[in-house]
Amino acid sequence: MPLLTLTSDIGSPDYLVGAVKAQLLHLNPDFQIIDISHNIPPFNYPQAAYVCQSAIKNFPDFTYHLILVNLFEKKPEQLLLAFHNNQYLICADNGLLTMILEETPEIVIGIPLEKTAIKNTTYISSIMGKIVNQLVNGESIKSIGQSDVTYLEKRHLRPVLDNNSIEGQIIFIDSFENVIVNITREQFEEQRKGRSFRIVFTRNEVIDRISESYADVADGEKLALFNSAGYLEIAINKGNAAGLFGLRGFSEKARQGQLSYQTIKVYFE
Amino acid sequence: MPLLTLTSDIGSPDYLVGAVKAQLLHLNPDFQIIDISHNIPPFNYPQAAYVCQSAIKNFPDFTYHLILVNLFEKKPEQLLLAFHNNQYLICADNGLLTMILEETPEIVIGIPLEKTAIKNTTYISSIMGKIVNQLVNGESIKSIGQSDVTYLEKRHLRPVLDNNSIEGQIIFIDSFENVIVNITREQFEEQRKGRSFRIVFTRNEVIDRISESYADVADGEKLALFNSAGYLEIAINKGNAAGLFGLRGFSEKARQGQLSYQTIKVYFE
Amino acid sequence: MPLLTLTSDIGSPDYLVGAVKAQLLHLNPDFQIIDISHNIPPFNYPQAAYVCQSAIKNFPDFTYHLILVNLFEKKPEQLLLAFHNNQYLICADNGLLTMILEETPEIVIGIPLEKTAIKNTTYISSIMGKIVNQLVNGESIKSIGQSDVTYLEKRHLRPVLDNNSIEGQIIFIDSFENVIVNITREQFEEQRKGRSFRIVFTRNEVIDRISESYADVADGEKLALFNSAGYLEIAINKGNAAGLFGLRGFSEKARQGQLSYQTIKVYFE
């Protein structure tokens, strides 16, 4: 049973997630389909990249990841099929691929879409399913499309580094209102060079150590840790950090009349 | 593996979607269950019909569609089992069936519920599962219930037609705040008879051509296209049409103190 | 195919539900995973217990229920594996187990977590998956961990009883804004002793009979019934009881400046 994942911005009340699965099962009733999320906020590339990247690395090798996010950023002319770290990714040519991988994929293939076809979500998902079937049937990845393809590359939001600080952007706020920042443990330690540090946000909130677990601090106290995905997280033990500190995602609009912050700065000294 | 779909108004935080699947897997561990949506808004028949209709036509022939929407519109005395265009539908006798199909089903069977049973959601889902099992085991559809059944028929919200215009109602607003109107491409072309047209909404917004893709217009510009489901859609490229134009679904209440529109009119000239 | 269920407070936009499933399928591609809900509100133990309890009892015997709720209530040192009424439950040592079961489990085993491991959600889900695999492979439950384990026991919110009344707490509000109260049919009948009764809420709303179905009363009228899960439910036929009567869950915060009630009282006379 080929293992496929789906990530999209379709949303739960729509019929389209069901229609996409129908298209796929039509092509191959043996597809085993796992939903990552269908609640990627519209046009929020940093969050889409964070969700896809963090989910994908947990899957068994040779899983097929279908990413139906911002399919219509531009007029769809081709799909991209990438193979990287033993995972297959299929997505639109909208820049998201390199944001997810944070490096140039080992292999990228362009799959041209028929000029005359109506390129809506169900059509695109059926093309994605056909690509998976070709791979499952043993076709070589390079025979499926164009290997010298030109495609849109966007870079993941990157923290701003200097010798004595890192400024990170908020890429996700989870259901507990924990705040995820685009600073990985590796970046943090590399920049830190063993020095002490202060994580500063919302004017004058300061955290000066990394916890291992929420319960390392008392109820209602703030803390910082590195989450399952390896990213810096600001939280309040049994509280809601984003709401309390006025923090919001880098791509999200501020609510009217509400002061809020989208970055977090770490000082090394 | 018999393929079943589930559509309901249960909502994601509830235990009932899990309980329904448990009932079904109890009856037949080989059922392959695909969720269409469990977020149909309460009592919103037009949206339920749109979601079911648009999803169902993508599925392989002989899929079983279990529709747990407005189960308790009236005291449940029977379930309906329909076979139409090679799809099986099982739902309550609440009028939704004919709204989904938009025509008289090829076959409709009434499945009487036991008078003394407590007719809650888990009970009804177990009866639905038993019906599927009977069909899977080769029983003829007409032997499963009453074929001369009387049942409630409601009609899908229909656009209002005259020689020179169509007035459509908004049946769904998607996660991008794109606005879906109950005018199909076929109805549009049939009424249009090759004439030019103006799509008019929110007092004085006008669109006079059909796009193929959102990116056919500049960012922030409005457009109209026919979506995956074949319905007219009003959108803003990389924007949120419903919010910006004050459009809302035909069955949804207005927010207090907020002016909003639920119809869209096309003039042919 | 071993049948597993997942219940969590992760929320739908996060990558973690996908990552948890990836961990599990990595360990055993034959796991059949059913989602109960990933929308348990943060720290809402009564609702988590209601959802788990009500879902679990519908599943076939020997289903494995993985409960990823409030995993970090305290520093995770062990997981709990319970066997009760022919169901397996695996959850954190945070008190939820006895709230779900409402009695002492037949068997509880403590599974110590490695001291040096980083105990995040994906790590914990992989340990849960390994426990299931051990059971699937025929290891005896008592050989998997410590059987004389000390663990946190919390009690489900219980209605307050006296001879002539029961006061219940609101444990869940469903998508229709029906209001579920922690009074079971059994408790109600046992306390009632055949007497007549008045269900009183929101100052002076009174219901004096139990309906079988919403449609037992006219549209817009209030009613009480026992739901699929066996709990008392206050509803309005085709209306929204919680909003109209100002009722909210016992663990939910009041909205600012809004009067609301969290209990319901039954008088017997």
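In order of appearance the chains are A, B and C, and numbering begins at 1 in each one.
By definition in this document, a contact is a pair of C-beta atoms (placed from the backbone, for glycine too) under 8 Å apart; a residue touches a chain by one contact, two chains touch by 3 or more.
This is a predicted model, so every value here is computed, not measured.
Undergrad: For the homomeric pair chain A and chain C, should the interface be classed as same or different, according to whether the shared residue numbers exceed half of all numbers used?
TA: Because under half of the interface numbers appear in both copies, chain C and chain A meet with different residues.
Undergrad: How big is the rotation, 0 to 180°, that puts the C-alpha atoms of chain A on those of chain B, in steps of 5?
TA: Rounded to the nearest 5 degrees, it is 120.
Undergrad: As a quick test, compute the distance in whole Å between the mean CA positions of chain A and chain C.
TA: Chain centroid spacing, chain A to chain C, equals 31 Å.
Undergrad: So which bits of chain B are touching at least two other chains?
TA: Counting only residues that touch two or more other chains, chain B contributes 12, 39.
Undergrad: What residues on chain C touch chain B, complex-wise?
TA: Within the complex, chain C touches chain B at residues 1, 3, 5, 7, 12, 34-41, 47, 50-52, 54-55, 58-60, 63, 172, 174-177, 212-216, 227-229, 238, 240.
Undergrad: Of all residues in chain A, which touch chain B in the complex?
TA: My answer: residues 9-19, 21-23, 25-26, 29, 39, 42-43, 72-76, 118-123.
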